[in-house]
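Here is the structure we will look at, set down as structure tokens.
Going in written order, the chains are labelled A, B, C and D, and every chain counts its residues from 1.
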Amino acid sequence: MAVRVGVLGATGAVGQRFIQLLDDHPTFELAAVTASESSVGRSYRDAAKWRVDTPIPDDVAEMEVVATEPDAVPDDLDLVFSSLPSSVAADVEPDFAEAGYVLSSNSSNLRMAEDVPLTIPEVNAEHLELIEVQRDERGWDGALVKNPNCSTITMTPTLAALDEFGLERVHVSTLQAVSGAGYSGVTSMEIIDNAIPHIGGEEEKMETESRKLLGEFDGSGVELHGADVSASCNRIPTIDGHLENVFAELADDPSVEDVAAAMEAYPGLDLPSAPEQLIHVFDDPLRPQPRLDRMTGEGMAVCAGGIQETAGGVKYNCLAHNTIRGAAGAAVLNGELLVEDGWV
Amino acid sequence: MAVRVGVLGATGAVGQRFIQLLDDHPTFELAAVTASESSVGRSYRDAAKWRVDTPIPDDVAEMEVVATEPDAVPDDLDLVFSSLPSSVAADVEPDFAEAGYVLSSNSSNLRMAEDVPLTIPEVNAEHLELIEVQRDERGWDGALVKNPNCSTITMTPTLAALDEFGLERVHVSTLQAVSGAGYSGVTSMEIIDNAIPHIGGEEEKMETESRKLLGEFDGSGVELHGADVSASCNRIPTIDGHLENVFAELADDPSVEDVAAAMEAYPGLDLPSAPEQLIHVFDDPLRPQPRLDRMTGEGMAVCAGGIQETAGGVKYNCLAHNTIRGAAGAAVLNGELLVEDGWV
Amino acid sequence: MAVRVGVLGATGAVGQRFIQLLDDHPTFELAAVTASESSVGRSYRDAAKWRVDTPIPDDVAEMEVVATEPDAVPDDLDLVFSSLPSSVAADVEPDFAEAGYVLSSNSSNLRMAEDVPLTIPEVNAEHLELIEVQRDERGWDGALVKNPNCSTITMTPTLAALDEFGLERVHVSTLQAVSGAGYSGVTSMEIIDNAIPHIGGEEEKMETESRKLLGEFDGSGVELHGADVSASCNRIPTIDGHLENVFAELADDPSVEDVAAAMEAYPGLDLPSAPEQLIHVFDDPLRPQPRLDRMTGEGMAVCAGGIQETAGGVKYNCLAHNTIRGAAGAAVLNGELLVEDGWV
Amino acid sequence: MAVRVGVLGATGAVGQRFIQLLDDHPTFELAAVTASESSVGRSYRDAAKWRVDTPIPDDVAEMEVVATEPDAVPDDLDLVFSSLPSSVAADVEPDFAEAGYVLSSNSSNLRMAEDVPLTIPEVNAEHLELIEVQRDERGWDGALVKNPNCSTITMTPTLAALDEFGLERVHVSTLQAVSGAGYSGVTSMEIIDNAIPHIGGEEEKMETESRKLLGEFDGSGVELHGADVSASCNRIPTIDGHLENVFAELADDPSVEDVAAAMEAYPGLDLPSAPEQLIHVFDDPLRPQPRLDRMTGEGMAVCAGGIQETAGGVKYNCLAHNTIRGAAGAAVLNGELLVEDGWV
């Protein structure tokens, strides 16, 4: 049976990825697209300046864009995806949840709120139970579930796989693609023949969201994982795909083979958008590379490589597609988990 | 009085930088250029496919390229610069030293040999004394002095400035420009819209050379610095300028201001190619950036920024021009030090 | 019924595209892969350093690479694709044709030979009849058919569509992707933050091949089309997709609408790799763009846009994927035409 | 004696180039910098986000930004440079001219007005006489002089050199750098691994401005040159330097040598910012290239290469630095001409 879904903020860069991923989805049926005031009443084709490298789906092209308000979307939406700017989302998402909608949101607001599940389905599906706490505290009929920031998603599955070896401290450097900043977020003058050693707020997101994702849900809340995480975030001249260098200090002393085996054995899920193999480990130290490997598992897998022992632990590299696994695909997968677990 | 110099391997990418930097040098007078057999006997203009963004110096253009052998260069050369491929250098440099020439070499062979000075003049000028040990052991009349690898040079002055705070462990990730691999080292298909998470041998160089540079010379040898250094090296689509993210664990607990002050106060030298200010510290966390900042101090300064406290120490970014401060300029500066200290 | 095919030169950049395109082809079944001596006897996985952005097909990965000689491939190959370097192809392709194999070749040798069909199936399928002439003259049992150069293929379908308006003179400037030069053809130092205003031999190919493609086959040979064609070819920092600016002088005086209509109405073919719509015309003058539009029609369509009247005719832009429609896909399509027309 | 100058719109991308070029100018002394309201009253350092690759001049950094109005700048400015957005310039520049200021403007408004001199000093210095007409018609005490668009400037000196051979028709394709669109004009998502085949208004500018520059001044006005000019303009992923492919139809039938000689002999001027050699002709068809050659003549020369005979004339490539010779440097040079000719 089809699950009727809407997309809030459907015309932006991540919004367009939602439309692309929802096209031909086996269970989700797109029933509403919203955007800001200037787009309301126009066809999606007119309102969105389509810039994804596959054609705009014909049926979506003709949909009328509606306002980003609970009253403007159909009552019978089962699930609402959100890729609103976080300042807008902070205002609007609670209204939708209060009006009874279940939201799977990629926006950064409230990710660290104590009663908001922040989930990567393969890593901490059980955190969805926080929805009960959320409903109690906020009196909502609906629910608000978040996926983490793109740079956090890239490394967290690998850290989860390492946790059995006693994860104590993480240093991570990122080489992030320009699409992570949205269509107009990085100008060409800023990035051609260049790199930018800072992305506002990104380091804090990696340092806190990862510890919530790896944390324990005890029935009433999530205790953050005890590891220290320290991140340096860089923008480089790459379109899609975040590459990250991780240095992980581990209490135990696993070999490179132990680490590779733990990553490869880390279990995936049987959900429509989940890749069969969650973490692909490369032997070739030159891989993974953004352009060659970002579409592994249709953009939903995490790639790792270059695993080496180093003082106190291991170092390795990881990669994921930042606007698929790291944004729209992350929210779609959370939506699938919400359906699977009966919240929708 | 002019110091007559030669350049071994003068037609390659680093060789061309030598020619550019030696043009109008206040004391060095270029008297010989060597290259591989196929270039011998041709004019430098013909042999070198000049690809630096300033014009080829007229007088050098007409010089005849000679063989890379002690017999082929003038007897009266005071100083010889080398940017040979390391496999060639391993064969040829000892011949020159044995024949009485003093060499300042950028090639990677013998950098870690116990009797070979590896120097950044501002950091460890006193290591030049190893030349005495070298002459004793090898029976050379000449001498062989090395500068470190470009990625090592970029971070080492900042680590030297931090050493007063008790440097214990370093994690460093690099974002390296393609020029570091030579003119044909990285193909365009490999790097456009991409990044490569590995550079063969580079991590080991950073991990060992930095400890030698920061080590103590005790009259007979250099004791490596005790800090652990762990590096991950990446190639990105940038022409010139290596950017590095450093995480430094420090025994003391300096503030961001302490660290910035130590870097800015780190003393420079009064040599023709030395920048007045060795380390420039930026307040703006978006800086330094390769394209905007690599030419600071005419490409001979190191830039730092984004200093923040983190668990166990500090994190920050640093940048230097990899083919000037990191290669040809490094060797020229070592040559100036050799003159200043009376070895030439 | 399956057509058994082989690929000569299967490990190079275009060779890898052949493998990708032949994977799951409805009628072609890959039965042999050849490469140069150093690869013979190795598995394809080992011999090819796979760099296409989809995974290497499992069954091909385990195939043994054989020598590029008629004796080394199975006797029962129905069709042989070639993407050999043209100097190698010049030696080897005639041997295969003499040994009875039918070749669809992307290599540039013999493209302008009077008895060699140079075809784009939608443009000049009837030129295949030259095979009879070829067999008479050369005494071959097999046959050798060529597709044109990638930059020629991009513009020629649009010129064919304009021919009804009296095509008299063409000026064309190209903005070509680096993949056209092969994996190592353009170094990163050459092209980042740069463009190169010349590609050896490319202008001549565009100027002559286009006139052969648009020429008349009179039963015994092809008379070149009478239009003057003048080309300037440039390399730019783009991975895939050649963009071209065409200025076409026309005897008649068609309107922009006439030209757009002629392009859109230009007939496609019903072959497995042929796109339903051959030429896609964009109204938006900012399109087509390489990154957004090169995969139109799975990389086999030609895109056009920016049509404007100008003195003596029209100007417009066109785009095609240079390693699909412009190389491997072109040869596969010629192979499909050879089957359809009974030559295989 | 110093000429006191001001810069209108001093904080933008071209404005910053003005500041860079005026630093250490032999005769111009910067006495005023203006910007939009939000910057007024701030130091130039604060107001401009300095992004040129040389340091901000110390004395300018501390200057106070004033409003872009005649009353806000010192009365005694001898010369005013303008790099305002053209819509702003259209309002403000006439006010300054009316108030008695002499303006050398890079803004596109009024370039084709009949009484406004549009000049490249080496090409049509005599058009400055139009100032008399302008003053008569407009009743101004000051004057308004324009330089052409960056893409026009790049090719026009070469066309001027060809005019002796009977210039009849020009087809030109451009490969333009992103800096031509201003700091935020082209996003990174638009241009990495891509090219854009249209720049709004650019083709018309090239087609009309070139004919005015090459036109005859008859004492009362300029008669446009009779040649047809047809342009296609493209944006590519290059920071600075416009490369152009020109196809020129010529009445006479000059050889390649004739054309090269005419370009090299085309006279330069003895002005501080004028290059000694205006047009540099390369024999190597791979040159000129943006990254290697844009700084020829300190960014003020034009480079040409790849000259070949073609049906009806010649084809060749040309290159200039779009924000130096093509914008700020063009206006500075016009300012120097205004001084030289006694208008200031």
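Following the convention adopted for this analysis, a contact is a pair of C-beta atoms (placed from the backbone, for glycine too) under 8 Å apart; a residue touches a chain by one contact, two chains touch by 3 or more.
Model, not experiment: these values are computed from the prediction.
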item: Minimum number of chain-to-chain touching steps separating subunit B from subunit D; value: 1
item: Relative to subunit D, chain with the most remote C-alpha centre; value: A
item: Pair with more cross-chain C-beta pairs in contact, given A-D and A-B; value: A-B
item: Same-residue or different-residue interface between subunit C and subunit D, half as cut-off; value: same
item: Where subunit A and subunit D are represented by their mean Cα positions, the distance between them in whole Å; value: 47
item: Inter-centroid spacing, subunit B versus subunit A (mean Cα positions, whole Å); value: 42
item: Shared-contact residues (touching 2 or more other chains) in subunit B; value: 51, 192-193, 237-239, 291-292
item: Partner subunit D, residues of subunit C touching it in the complex; value: 169, 171, 173, 175, 192-198, 228, 230, 232, 234, 236-239, 243, 245, 247, 285-292, 305-306, 310-312, 315, 317
item: In the complex, subunit B residues that touch subunit D; value: 51, 53-54, 192-193, 239, 291-292, 295
item: List of subunit A residues in touch with subunit D within their complex; value: 13, 51, 178-179, 183-193, 237-239
